[in-house]
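Two complexes come next, and they have one chain in common, subunit A, joined by subunit B in the first and subunit C in the second.
Right, the complex of A and B next:
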């Protein structure tokens, strides 16, 4: 059979390396392949086998090129093999229909070039074995031996990979003691076959490293990395054999593979093949050969990145023991943790130049393993953290890992593992965690602390005791107090710094997770701990951290109230809480804002009033008067002033524990304050609010000791009249109309409340006034809101006009 | 046309690592399932013959590595595929999210004709597990959005729906094959165009 030399013409040129050239070479080769393939299929359709083989050989001739890069050769190879598959299907079909010719295996041996010859031999051998035409065992051995004829690494690797692909379904996979199988072979033949092919391929692959100029070394190594998959396929075949059970793997397969891996002394091959073993064989096999595998690891070249291999294995076994849906457990006799921690210690000790990020990465993998596989054995996780710390102490004690380095990143990753696996209460049991955290510089510590808090909030973990809160604060101190290693600390602590605000808001939110359920005294301890911790954080942090403590303390007084019958000291405890709160709010008054402390004081007054303990009035008065003082001191912003006064009025209306004396002082002060506001509309509106202080507000009747409404109709009327008078003085007509409407609403309220001096005539005169004033203002868009309000008032009145009480109501249309 | 000829259909299975691509293929081809996990490295195929109506087809099913680092030689084998099976694990939301990028990546690398109508089939595997995270409705609505891709819920372990799903794969691949065959139905003798790429599945025009 004569072969057309298609690829040879290019072979002399050395220009195959540039990208453009590569594309052209590949395109040409593919074009040729398609032509030959087309011709092959055409003659096969005409039942001309010999012609078909000739075209196939021509097509396969394209694989003789030395010019293509591995990836491009692969692309060509894929297409060729696919076309070859048509030949295979044809031959198989012939045999099925009893038309197969028996001498093809001999015939193709006369093909002129070795590459096409071997591809054809493999293809035909494959078909013959399937058709039971030739003895399986001999042909397989023949093929794997003959492939030695191609010693060019690239061509040889692909050829043998094709062999592996073809024999996939042919490899004998039966036990050796079966007599009948002796002709077709047993598992031992398959092992010989694959292991031989493996060692031949590995040799070809390693040899690439040493062929050609040293200046091309980098490119060559890259190409070798691309080709590794071809070698790895041998291991895949081994893992697919059912007769390769744990025992056989341990006694034959692994030792043979390891022998090849260790003896080749090539770092690229060693690193890949070890990784490959880990990936393609099942977990149970690794668990049973851990010592053998790890022993081999120590015999690898010192240029092998052992870190990746170990991490790969640890991660795989960790994933195995935690895989969902299946109850996989690490066998009791396999002490995974001990084995790996010893091995890692050995590796670190023996490799003096190992970079510290690699050390941390290894410890990380070990930590992951111990937390996931041995959830309840905290001593394992603790041990890893302790060892990590020790390693750093040995390198340089008392210095932090510089920020932004690879080592710092690995450490952060490591410290996030427990947060992901555990809830915080379990993390606190790892008492070396804190020491690990302290290895980091400010920026990384900050990252981890934020991660911790977010973890608690996401998982909604409840932290129930003061002791745990204390431990948590020790971990989080980076966020809680000023840090010596953050030079920009002072300048960043402002309300305008978004990061600072976000961070402190998180710290504050954390507070809601401190809940001593069913144990108010414990909750009290927590509050004390928080106060003692947060007081060291500076005023700008307190703005965020104090309010939740104060609110929690108020809430706790309510809890004490509900158990007053079981706890006779409840009043004393409440008293203490109120004192604490008062003290905390006092601190907050140093902030430039008055709004926050004022609200917190008022909340205290309300709480004291609700609790109604023995000295509630004294406490409430104290809180209220302090709020009022803050209001008085508030200068400048008129809008804020009005808002504060509104809060004061609203609170006084709700507080019920004052005696007449205190209440009268306060309500009169507030009413006066209303008239002293700067803007007329503010005066009117707050005065209208003040009317309620003389009507529905409650104070304690001295003789009955019960709360009663004030119901001072005269004072209500006086306020209303004053408000009306002030309204008439307003210049802006639309504002004036709006206020008339609000006045009318207030009058309607008291009319409904049966105020003795407010009858239908009073309402009618106000309605008339409002209607005439309304008609004066234009109805532009900005006033639409006002018109709507007024319309609602009249809608209500019209509706009520049917009711007897509203007889005589006059509304103009 | 080549009606007598055996038809070879090339099928590619894609999806994240660990969703069960190899298991599905093994269940379909060998009716075997193993709980042991072996990662696939590189790409490898199995063949299976199937009778679709009156046609005997050979399915060449390519199982692939879900982890990109294992495809060191690239994905040239996507070329010439007749159908692509996208697999996700119904207990893993990430694997569901990845379907989109697997699909896009396939179309880019395989460069099929008429990519809009290229046949895909989506499999939601591991329905035997209890901790399902992706509801049938969610998966179906995703498939509907993508030009009505057929969706099957499978269990390679229990052998649920595997046969049915691959039959659909074969049918859709066959339908496409026929379409392309018709498009390239030219009479003998043939001048092979020198510049243009000849379609792969051109069949013989006898």
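Right, the complex of A and C next:
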């Protein structure tokens, strides 16, 4: 049999959508709709149902257009549906008042055009189900079947969307074993209904892709993306049914959806729908259908971005399992990690052209999952890292990922995951982490290392053993030693480079977290490890990394001292530590600045003195003399020299372990050094400080073996007099006044200390001198500071003048 | 009725038996459909009885040679008024010659009248039943006629196969269609589906039409008329292979008659379903299939609203982009307009 065909001479193609007149077309259509809607409402007010239906059909006729773009068709559809709602309300109202006509479901089927006919049929069907006029199950089945008549993608999608919208509250949602309900439909009918509607809509949606010119492909894909929500609504509806449980989802819903998704072979649809499934259905469903879902993933078109789908699912399940209070909600029987691990491997294997950044992104989602869901099972995380490394080794062994590439970025992201969810001690248990890190080029490695350190500092993680410190240093070697693959290393590596300073400061700060609590020997090991590690870093790094080691070593000697009763070897260990420090500081003396090693020496001297071990004096003297030597070498920078000298004096005043011989040598040297300073005010001030070396400084009395103060009044007085004499020689009057005031203060101190040669007369003469000098200087603003100082001195004296000791004090007002 | 004014002396009225219970039907009297009258419905074998009321004008009397009543069934050929074929003529003399002096009512009764055919008013033929009262007078008889409508009820057909067929154009279009029956009663529903086996053309829409073919005469003088009773869009847009499109067409709303075959060797009325596919270039692909219509005894009430609705809802031609896109092709001989104007009768028969 053959069909007949009537020839047609004129061809009428080239009727493409002209974008220019879209607005006009829409406006015209909307105007027509409004007119028909108005007429419809008017006749309905007059109770004329037939006329109302006629106008409704005319209005719906506007939806037959092929001229509008999807967006504008949507606009039109919204308005039409809204107007159609009036008809629906009117009819529902008729039924409520017992006036409804019983044959409308047939009547509207006489409408000659299919689009208006089906809209009316759906509307009437809706009303009839509500009014119990027709059995729900049959109407639903009929409607969804009849809609097949609209094969035009756009019109069909919107029609079926209207259908779905109308039946939203009507879908049966009861169990099948309920006898009463089964007459009007059960959940199974709802599932059939939605799943059929879904697959039909998806087919229509996919078909849009292949209609029209290829030159419009891009526009068409855009339009399709705008329409995707129409298809997705079916899935939302499914997820809203209460009678859909895990079992039904697994046996009915998912297989049907997947069948459609896989068979449509359309990347846009597959990508969207998979994402949609992940988002709309509950986590429990996903957990129970992982294998099915992932298997389907492998069957998707090769143009589908599978990475996003898988990551989305993994992330969702990860978030689920770590949500507060639901830690144990992943069922025992669901081997989440194994399943994902296997399936991802399969996916990667099956897609030869998968970009490496996608592979890494997948692996990092997997890593995230394993770390968050299986916190204690390090072998999972390790396995992921190992696999990642293997994948790269398979591509090209022992090559680094070029810096700045997408793959590098993904790898960095991946390596940050363990840092975020573990503390560093756990990260160290992932022994393949380092291998992952080695895949990166210098810049990315640097980023990750910095991230690791910041993580440790932020979380204030304590790293207690030398072994862990060693492992950590292995990870961080990028920051610790020069890197072969950093071409700019040499120029970068100076104190003038802010980044470098910041980086090394971080490394130095890290040191404070190396604390072997209650185990000084372990701490000692840590110190040794650090020293051995840092010594390879070059002088510029040592500037930052050594001081914390040294300070830590000093601190450790104190700890040994506190346990001296349990550890008889403590003195030896301290000795070792001091030797180590000496060696380290000595290294630092190679730097251009003397200040740092000088301070470290002095600190060492103080520490030795405090420890008071057998050979403390030797050590302290050694350190002190080293410091003094550095001071001597400092010539040139007067200000620094003065500051250093002040430090030396202050330290000597505190160090108590020297015998008279050593102490005498040192205090004499310092006093002489004071007078040798270049500037007069510096001389005066340091001399005043030196007085304390002869008074309150302590040394060991050889006969008693006990520390006692020097209390050499004569020397004190000599210093004071020398200082007074130097003061008189100063030209700048305001400086001179200031120094007089300081001198007076010093005298008052020794007066209070009952220095035999300083009595009230001495004070009075000095007060008079100060007052007369003060009156000479003009009181301008820059000298306000000085005046304040002087005022404070006099305030103190006036207050003290009441005390018996200060009787005879003369202060002119 | 009184053509020459001579009969103006009497008014004649027929009062039929059980007039109150009998159903009436609106019948179009002429083909233009603008004149309609109500007629009572009779069935085959039913008695036809009642009374004839003869009213005289005031103060007049009518002399007559007898009053005769006939029950006539006849076929009129409208294109050839001269040939009237009576297939039934029952005659009764109601009164002997005499004089009517007052209003008279005369009862009559034709028992078990055979009415073998259905009343029919077509384009070229009319089959009618009527009562004719003749008051025989010397110069001009006074005649009054009264039409009744006869409906032919049928039993459910014993054999009623579905119509199922695969048709197509090679490498272009293959479809399989199925109508659930081959014989439908007048209030029936046609249910079916179209299954697309191969689609290589861009189909725009698909419709189904009910065609009525009336053929009159015989031998060389056969007149055939085709009329599209209904046009019904069943698909919008282009399907792809594997799609199955449902058909459901209610017949009750349309003006249909039973299929009539070779009535008195004078005429036939036959019905066809015409499936038409229209492609984007306005080419029409179609397939006609005869269906037999028969009248079933009415049980349910007539759905008047359906009839009313079907009348005002003929399908609109699909909206064409060309119609609105100003300036593209607005010329008078647009293929669209041409097609739709001649669409009704241009489809040639095929089997």
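What we mean here is this: the second predicted complex is superposed on the first by the 658 of 813 C-alpha atoms of A that agree within 3 Å, B and C clash if a C-alpha of one lies under 4 Å from a C-alpha of the other, contacts with A are read in each partner's own complex, and residues count from 1 in each chain.
One rule holds for everything that comes next: a contact is a pair of C-beta atoms (placed from the backbone, for glycine too) under 8 Å apart; a residue touches a chain by one contact, two chains touch by 3 or more.
This structure is a prediction, so every number in the text was calculated from the model and none was measured.
A.B. asks: After lining up the shared chain so the two structures overlap, which partner does A:609 touch, if you call subunit B first and subunit C second: first, second, both or neither?
C.D. replies: neither
A.B. asks: Pick one for A:531: touches subunit B only (first), subunit C only (second), both, or neither.
C.D. replies: A:531 contacts neither subunit B nor subunit C.
A.B. asks: Could you look at A:57 and tell me whether it touches subunit B, subunit C, both or neither (first, second, both, neither)?
C.D. replies: In the superposition, A:57 contacts subunit C only.
A.B. asks: One more residue to check, A:45. First (subunit B), second (subunit C), both or neither?
C.D. replies: After superposing on A, A:45 lies in contact with subunit B but is clear of subunit C.
A.B. asks: Would you tell me which residues of subunit B are touching subunit A in their complex?
C.D. replies: It comes out as residues 5-6, 8, 10, 35-42, 44-46, 58, 60, 70-74, 76-77, 79-80, 91, 126, 128-131, 190, 192, 194, 198, 200, 202, 204, 206.
A.B. asks: Would you pull the subunit C residues touching subunit A in the complex into a rising list?
C.D. replies: 165-170, 173, 175, 205, 231-240, 243-246, 248, 250, 252-253, 277, 280-287, 303, 305-306, 308-310, 312-316, 318-322, 324-326, 328-329, 333-336, 339, 346-348, 350
A.B. asks: Could you please specify the touching residues of subunit A with respect to subunit B in the complex?
C.D. replies: Where subunit A meets subunit B, its residues are 31, 34-35, 38, 41-42, 45, 70-71, 74-75, 78-79, 82, 85-86, 89, 93, 165, 168-169, 225-230, 232-233, 236, 239, 276, 279-284, 320, 323-326.
A.B. asks: So in the complex, which bits of subunit A are touching subunit C?
C.D. replies: These residues of subunit A touch subunit C: 1-15, 18, 21, 25, 50, 53-54, 57, 61, 64-67, 101, 103, 106-115, 117, 145-146, 148-153, 155-156, 203, 207, 211.
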